[in-house]
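Note that subunit A is present in both complexes that follow, paired respectively with subunit B and with subunit C.
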Partner chain A sequence: MQSAIEKLRKYRDENYRAHDEIIELWTNVLSNRNLSSLGDEKWLILEQIFKSALHCSKQSIARQCLDQLEKQFKRTSRRVSTLNAMYYESIEEYGHAEEIYASLLEDNETDAIVRKRQISLLKEQNQIREAISELNSYLELYQADQEAWSELCDLYLSEHDYTKATFCAEELLLINPHNHLNHERYASIRYSQGDYDKARTYYFSTLKINPSNIRALYGVILTSTNLSIKNPSTASKTQASNDTNQSFIEQIQWAREQIIQKYREAIPDLLPVIETAIQSLTL
Partner chain B sequence: MSEINTLAFTKMFLHLAKYPELAVNGILLGVRSNSANDEADSSYLNFVDCIPLFHGVLSLSPMLEIALSQIDAYCSTRNLTIAGYYHANENYSDPNPNFTALRIMEKIKENNPNAVLLMIDNTLVDLNENDRFYNVFTLTDKTWKNVNETHIVNDESRLSALSLVKRNQHRQIIDFDNHLDSISNDWRNPNIRNELNATSF
Partner chain C sequence: MAELLLDSAIRFWVFMPIVVITFFVGMLRHYISIITAGEKPVDKQQVADSQALIRTRILRENGKYIPKEGFVMRKHFFVNEENGYLTTQQGRQAPIRNPITDPTMMTEMLKNNISNMVPMIVIGGVINWAFSGFLCTKVPFPLTYRFKPMLQRGVELATLDASWLSSVSWYAINIFGQRGINNLLLGENNAADQTKMMQDQMNMAAVSMPQDPSKAFKAEREGLLVVDHQWAFKNVENDVMSQRSYFRSR
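The block that comes next holds the complex of A and B.
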């Protein structure tokens, strides 16, 4: 039982997504044990099992946990009310869930968690435009919420609105400029828009922070290739323009060598495939 | 006409099971049809393997280009070809191909005009009740056509898929995103093939 508790703790702390495993732990280890010895952790665990049960559509397990939480904290608890609304979401009683969220917000309009659940409700019902609109309103107030900017970025990408997605990715860069993943995401969105120049700049800034980011190394090859195609070297072009192409070629070569080195160390039998692939991209 | 083997079917199912909350997509590989053979059968698709691609955001082009170039290179050494594409939307109740699926299918059809879309339908995902968890579509002039009745699935496939999920193999399957996160993750998934070989019915 102890190792199960520790595992659950780790999953809570590190925000790990392993719902089926969590339900297995509950069913096989914890459900018929007396958890009172754990003190307050018991309630955190019940809440965790509840959420995982919803993810796995095991409503009966969720009900068991929710009943125990309601018994302990009464229905007046905001946290338990929110869980109750989530239960309704999982059985597709969206109206019921929305009623609970609306009433919770009436009592306390600064409850960010409930606001985000309302936005999730819209997403569940495939009302993406409305979800985007509500999320924009939310972000006017909570401008530093990285999770929200990231979600809005993904929503725009699902609508293929690269321009607005770029804006969200820029906000994330401003909030956390030292995260190489933010640079790489920004570069990839720019690439998808066709802005190879910007994309290339940010693939390089990714590599400055994390020289091992494989996506960025591939990104350098793709962008430099596309830019040199747009700018073919001819006798009539200026020296500067031919020099630019030369530097593209050098950078492609450099990125290619970095990639090959990494594959040689990590997964050498995939190397022939990689070399052929890079060849076909840079032709 | 198209058919799918146990390996391709199972890998696809495992990919879905690994990321139930996200959109996922991937490529299906078919045996390359020999032009010397019967011309009339050149559009017959025989799916023999599956390369899971991405989970979460599916609409960014650079890594798709990288993935397709590697899969092409892999195919050319094995007499295989990119013959199909599978796609699962994020929303549980949405089994309709979207704009992303359209764009990717158009790209794939540039090299293989006979390629089809396997669009995951969550209402079919219970393989105890259904023999397949997707609908098959062709694409002509931006119009999708359901061709389910021309697609053959063997009996073993759904049993294998269920069996491997029960053995938690869905936690082991590697997609291209996993590979790009850490290149020692092998998108060819040799372990899954071994697990299947160890399974007998």
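The block that comes next holds the complex of A and C.
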């Protein structure tokens, strides 16, 4: 049991997402034992199990944990109220959950977590427009909240509002400029908008940070292809555009080789599939 | 100066008890402050201000990673003359936190003072009354004559070396010296209470806001006005392609 406790502690500290494993640990090891030997850590573990159970839709386990927490901390604890409302969210009693969140917000207007849960309530009920407007007003206060910008980007993408999604992706780039996934997301949004030039630049910046990002390599092929189509090199065009076309072709070649090499190193069985795929992508 | 030999009873009954007393009183004070500390209500305006300042700072630092239009758009939003965020907020007068008129600040200050100063003074007085009239210890380095009246309260000998200390000064040395030990031990005691939620809330509050946000905004505005946009990715394709041999070997 000690190793299970340590593992749970590690997951808690490092914010690791391994909900299945946590539930397994709980059902096999911990639920039969009496946890009072751990003292205060018991409540932290119960909270952790509760959240993982909600993630895996195991409402019965969640109910057990929640009952124990409520017995200890009564209804007045803010944390327990929030967990209670999350439970109602998962069993789809949205009205109940909304009541609890509203009363919690009355107590403390600046509670970020409760506001974010309200927004996700709206999202669950598929009210995307309201969720977007709520999230915008949240972001007017909390301008540097990376999670919120990421969520807003996703919401705009689901509405196909690419310009606003670009803005959000730029915010993410500002907050975390060295995360290759941010660059790649930005590049893909630009590509969907049709701005092949910027998309290509940002696919390259992704590769600069992480040369193993396969999506970025594909992105390079696609954008260079599209750009060279728009830029047909005929004899009447200037030398410069011929040069750029030449460099495009070079880059496409290089990206192709990189992809094939990476797959060869990782999963050689997929190579024929990859090669046909690449053939169909290029001119 | 002549070498003085102190009674070894002093070592057991004065020297060590003072250390022990200081240590335990410090612990007691720590726990009492935890129990009596009320939850500080976070001011919404303060949160908004601190978050805005964070955003302007990252815009200044990382602006070169987003395209020029994005940077110019945000810069305009912040520093525009008529309706830029920083210019309008600058004009807002920060509420003057006069401690005398503001009752909550007053009680806060009183509580802090009481919990810090009073135990120190009380115990200092007790030690002065209980352990006066003899020398407690000696500091290993020579001190000047000026320290004598301060450090040798109960013992008025004109010819005594200034390095010899009375019990009260030993108590004072302990108070200041044991802050390090307290940090070490009391930091360990907080092991069970760190969760992401609490840290999130604390990050949101960003309590280290200066009392006067308009100064901070002014500084940020000037900083932003100066910054020029140097796009980091002007030539990134050539950079990456020229590193091709490096890539191949990975």
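Structural remarks
In this text, the second predicted complex is superposed on the first by the 272 of 283 C-alpha atoms of A that agree within 3 Å, B and C clash if a C-alpha of one lies under 4 Å from a C-alpha of the other, contacts with A are read in each partner's own complex, and residues count from 1 in each chain.
By our rule, a contact is a pair of C-beta atoms (placed from the backbone, for glycine too) under 8 Å apart; a residue touches a chain by one contact, two chains touch by 3 or more.
Keep in mind that what you see is a predicted model, and the values were worked out from it rather than measured.
Under the clash rule set out above, the superposition-derived model of subunit A with subunit B and subunit C shows the two partners fitting side by side. With both structures placed on the common chain, the touch criterion links A:S192 to subunit B but leaves subunit C unconnected. More residues of subunit A lie in contact with C than with the other chain of the pair subunit B and subunit C.
Of the two partner chains placed around the shared chain by superposition, neither subunit B nor subunit C is touched by A:T163. By the document's definition of touching, of the two partners only subunit B reaches A:Y218; subunit C does not. In the superposed model, A:Y202 makes contact with subunit C only, not with subunit B.
Put simply, subunit B and subunit C get as close as 14 Å, counting only Cα atoms, in the superposed view. Touching of subunit A by both subunit B and subunit C, each in its own complex, is seen for no residue at all.
Taken in their complex, subunit A has these residues touching subunit C: 12-13, 15, 39-41, 44, 47, 79, 108-113, 140-145, 166-167, 170, 173-175, 177, 198, 200-202, 204-205, 207-208, 211-212, 247, 250-251, 254, 258, 261. Every residue of subunit A that touches subunit B in the complex is listed here, in rising order: 17, 21, 55, 123-124, 126, 154, 157-158, 160, 187-189, 191-192, 199, 214-215, 218-219, 222, 262-263, 266-267, 270, 272-274, 276-278, 280-281.
Of all the residues in subunit B, the ones that touch subunit A in their complex are 20-21, 23, 56-57, 59-63, 65-66, 69-70, 72-74, 76-77, 90-94, 99-100, 171, 180, 182-184, 186, 188. Subunit C contributes residues 41-44, 47-48, 51-52, 54-55, 58-59, 62-63, 65-67, 70, 192-197, 200-201, 204-205, 232-233, 236-237, 239-241, 244, 247-248, 250 to its touches with subunit A in the complex.
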